[in-house]
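As written, the chains take the letters A, B, C and D, and residue 1 is the first residue of each chain.
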Amino acid sequence: MWQWFHKLGSPKWFFGIATRLMPWLLIGGLLLLAAGLVWGLAFAPKDYLQGNSYRIIFIHVPSAFLAQSIYISMAVAALVTLVWRMKLADVFVKAIAPVGLVFTFLALFTGAVWGKPTWGTWWVWDARLTSMLILLFLYGGVIALDRAINDEKSAARAVAVLVLVGVVNIPIIKYSVDWWNTLHQPATFKLTEKPTMPMEMWLPLLLSVLGLYLLFGWLTCLRMKTEILVREQRTRWVKELVLAGGK
Amino acid sequence: MSSAGRTLVKPIEQGVGPLSAMLAVFSRDVRVAFRQRQDLLNPLLFFVMVVTLFPLGVSPEVSFLQQSGAGILWVAALLAVLLSLDHLFRHDFDDGTLEQLVLQPQPLFLLILAKTLAHWILTGLPLVLLAPVLGVMVHLDGNSIVILCLTLLIGTPVLSLIGSIGAALTLGLRSAGVLLSLLIIPLYIPVLIFGTGTVAAAGEGASVGGYLALMGAFLVLALTLAPFAAAAALRISMSNS
Amino acid sequence: MAFDSLSAFIVMEGHGPYVWACYAVFAVLLGGMMLWSAKRNHSVIEACQRRYEADAKTSAQPNRNASATFARVEISQD
Amino acid sequence: MMSEPLLQAVDLECERDERLLFQNLSFSIVPGTLTRVEGPNGSGKTTLLRILAGLSDAWTGQLLWCGRPRAHDRESFYRNSLYLGHRPGIKPLLTPMENLRALMAGRCPVADEVLAQALAGTGLAGYENVPCRNLSAGQQRRVALARLLIADEPLWLLDEVFTAIDAEGVKAIEALLQQRVEEGGAVLVTTHHDLQLPGMQRILLGGGQADE
């Protein structure tokens, strides 16, 4: 068990696995995402309430899912960094924080644009959008702190503390923003998917969510590989690898 | 055991209890602060000035001020606390007392709790005491002022506690002040929401006991978790310097 | 197909600009991030290669920690 | 054989900012010895002392405290070791008396008369109640050094003890360290001052080897 755990923590081992996995992730991700989006854009029936603007859902929801799950996975990795000092865990956090930021921004942007035809305004202080905005701030803080600390190991551990503090706060923020929202504007019309979404809308959404997760997997492998190269460039295995062609 | 055969130096088994160590940290911080009394006034002045900006910058109308007064006071108090946080560990870090603090044979989180408590007594509590005066100036009614002060009384320690994590994380960095705000403001949002929300609910005649209890829960949560996080962050920052 | 013609698909009953703007930004950011990450990976590999080659050349040179002399530096006065 | 080592370093390695400061550094610190860490500027003397003191975590290898990994019993280690760093740990706004009291408070509080004696021993008699910011750099360091006159910790880690101290003071401190070692204390110092005491152990940095 522990041996397996340590093997998982070895950058060299990960490098090999990632290299083999990446083509599959890329091809699978692109295919699924393309299928989901084309289906959603062109073939899924239009929503009887919102019309065609609802088609934004096929990128909004996957982005929002990723934005949240990236933060959660960062928190898990942060815990591993602090408790077991596993090298790969802090490589992971550093590699995916900017990706999380981009997906959070995408979720916000698509949410705002969706709001224009739906509510007639670009920005609504809706509970979901506001929580997303705060999540964006959290990502921003994590990245800023990481950039501000020169020493790699200290940066990784400081970031881990911050991420964990953030993850404890996320449910509290979510709850308080929901409460604040009901206090200030009684719920009128929500951006949420209706509970009875027909299969023709639900399936393309599922496809694009899966596709985007696979692409995220590819991005994670690639960015982690880059980070490992930077950190381990003085080890012999990296040297041999790079001189042998750098794949 | 010893080749000299006359070992006089013996290992120390027992030390001071953590409570008296905390008391020592607390009293030293208070003493240092009172040696430089004018610094204690700065957050208060800042608080008053920020509140003054709103009637000047937005509108002096009674209806506007009544409606947003609690929010203005809360935001101003939050910023004042934020501004003072940079000093929480900075001076100790510069003169080396923080090294000695970290090396004390005591649970570090308790010592940090003592420091944070001192910080709150020296900055947060005066803000709470000053709030009624400013509340009158923004035309809040008596009941709202009482509720506002209660929320500030429960909320400002939470601000200090959460802030101690940020202060510890950014210790010794170049642009620590700005970075500290970036890290901490998102974490302050729930406190702000419930602080102002409670006052608003009171204004509508709702019972606020539940809200105050919830803020109390925030305080308990911050009291139990923040010192641990701050201690971990402090060790990391010390290791980096 | 949920639309009668290509133009109907593009206009989307007036919601076209919003939908297409979202998809465009999504494509640009996702694609950009993927390309940028790949490019950075590549440049890091190249930087490593250059470094190893440079190391191989300079490894014969003497230790850079030569002892300090604190001799004054002569400045030519033309 | 000497008595059991207090602190043992095994294959200590430290890398900072992409630079390897030392590796395979192994040594033991035994009660009743004085150890001097030597090396040119930038060779990692202060870093080594901060690692040994428990301030820095930027190391790999093993550190044993009384034969057991130090991480297992940090509190006992902190209680039994005393570290004086570059920065003296003196609050400029407080008086020497208050500073010393605060420094001792978390370890073993002592009566004010003892503190006053210690301050007098470092040549600060009459300055007990003057704010430290009005004292010179050397005097401020003396406030920190006053701890050495009352400290019971078996292990002392002293970084550049002689900085800003006058010649007479240096001699007195040398005598103090000598006496401490004879009593069975273990002392580790970094200094550029030419310290020569009988039976001194040396750790050479910069070359990368330890020398017993």
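To be clear about the criterion, contacts are C-beta pairs under 8 Å (C-beta built on N, C-alpha and C of every residue); 3 or more make two chains touch, one makes a residue touch a chain.
The shown structure was predicted, so the numbers you read here are calculated from the model rather than taken from an experiment.
Interface comparison, A-D versus A-B: the higher count of C-beta contacts falls to A-B.
Ranking all chains by how far their C-alpha centres lie from the centre of chain C, first place goes to D. A simple rule picks the central chain: find each chain's mean C-alpha point, then take the one closest to the mean of all protein C-alpha atoms, which gives B. Inter-chain spacing, taken between the CA centroids of chain A and chain D, is 48 Å. Rounded to a whole number, the gap between the C-alpha centres of chain A and chain B is 32 angstrom.
Work out the mean CA point of chain A and of chain C, and you get 20 Å between them. Contacts with at least two other chains are made by residues 151, 154 of chain A.
Touching two or more other chains at once is no residue of chain C. Each of residues 57-58 in chain D touches at least two other chains. Residues 37, 41-46, 51-53, 55-56, 59-60, 63, 98-99, 102, 105-106, 109-110, 113-114, 116-117, 215, 218-219, 222-223, 225-226, 229-230, 233, 238-239, 242-243, 246 of chain A are the ones touching chain C in the complex.
Partner chain D is touched in their complex by these residues of chain A: 150-151, 153-154. The residues of chain D lying in touch with chain A in their complex are 16-17, 57-58. Within the complex, the chain B residues that touch chain D are 1-4, 6-12, 15-16, 20-21, 24-25, 28, 31-32, 35-36, 91, 94-97, 99-106, 111, 235-236, 238-240.
By the touch criterion given at the top, residues 82, 134, 137-138, 140-141, 144-145, 148-149, 151, 154, 157-158, 161-162, 164-166, 168-169, 172-173, 175-177, 179-180, 183 of chain A touch chain B in their complex.
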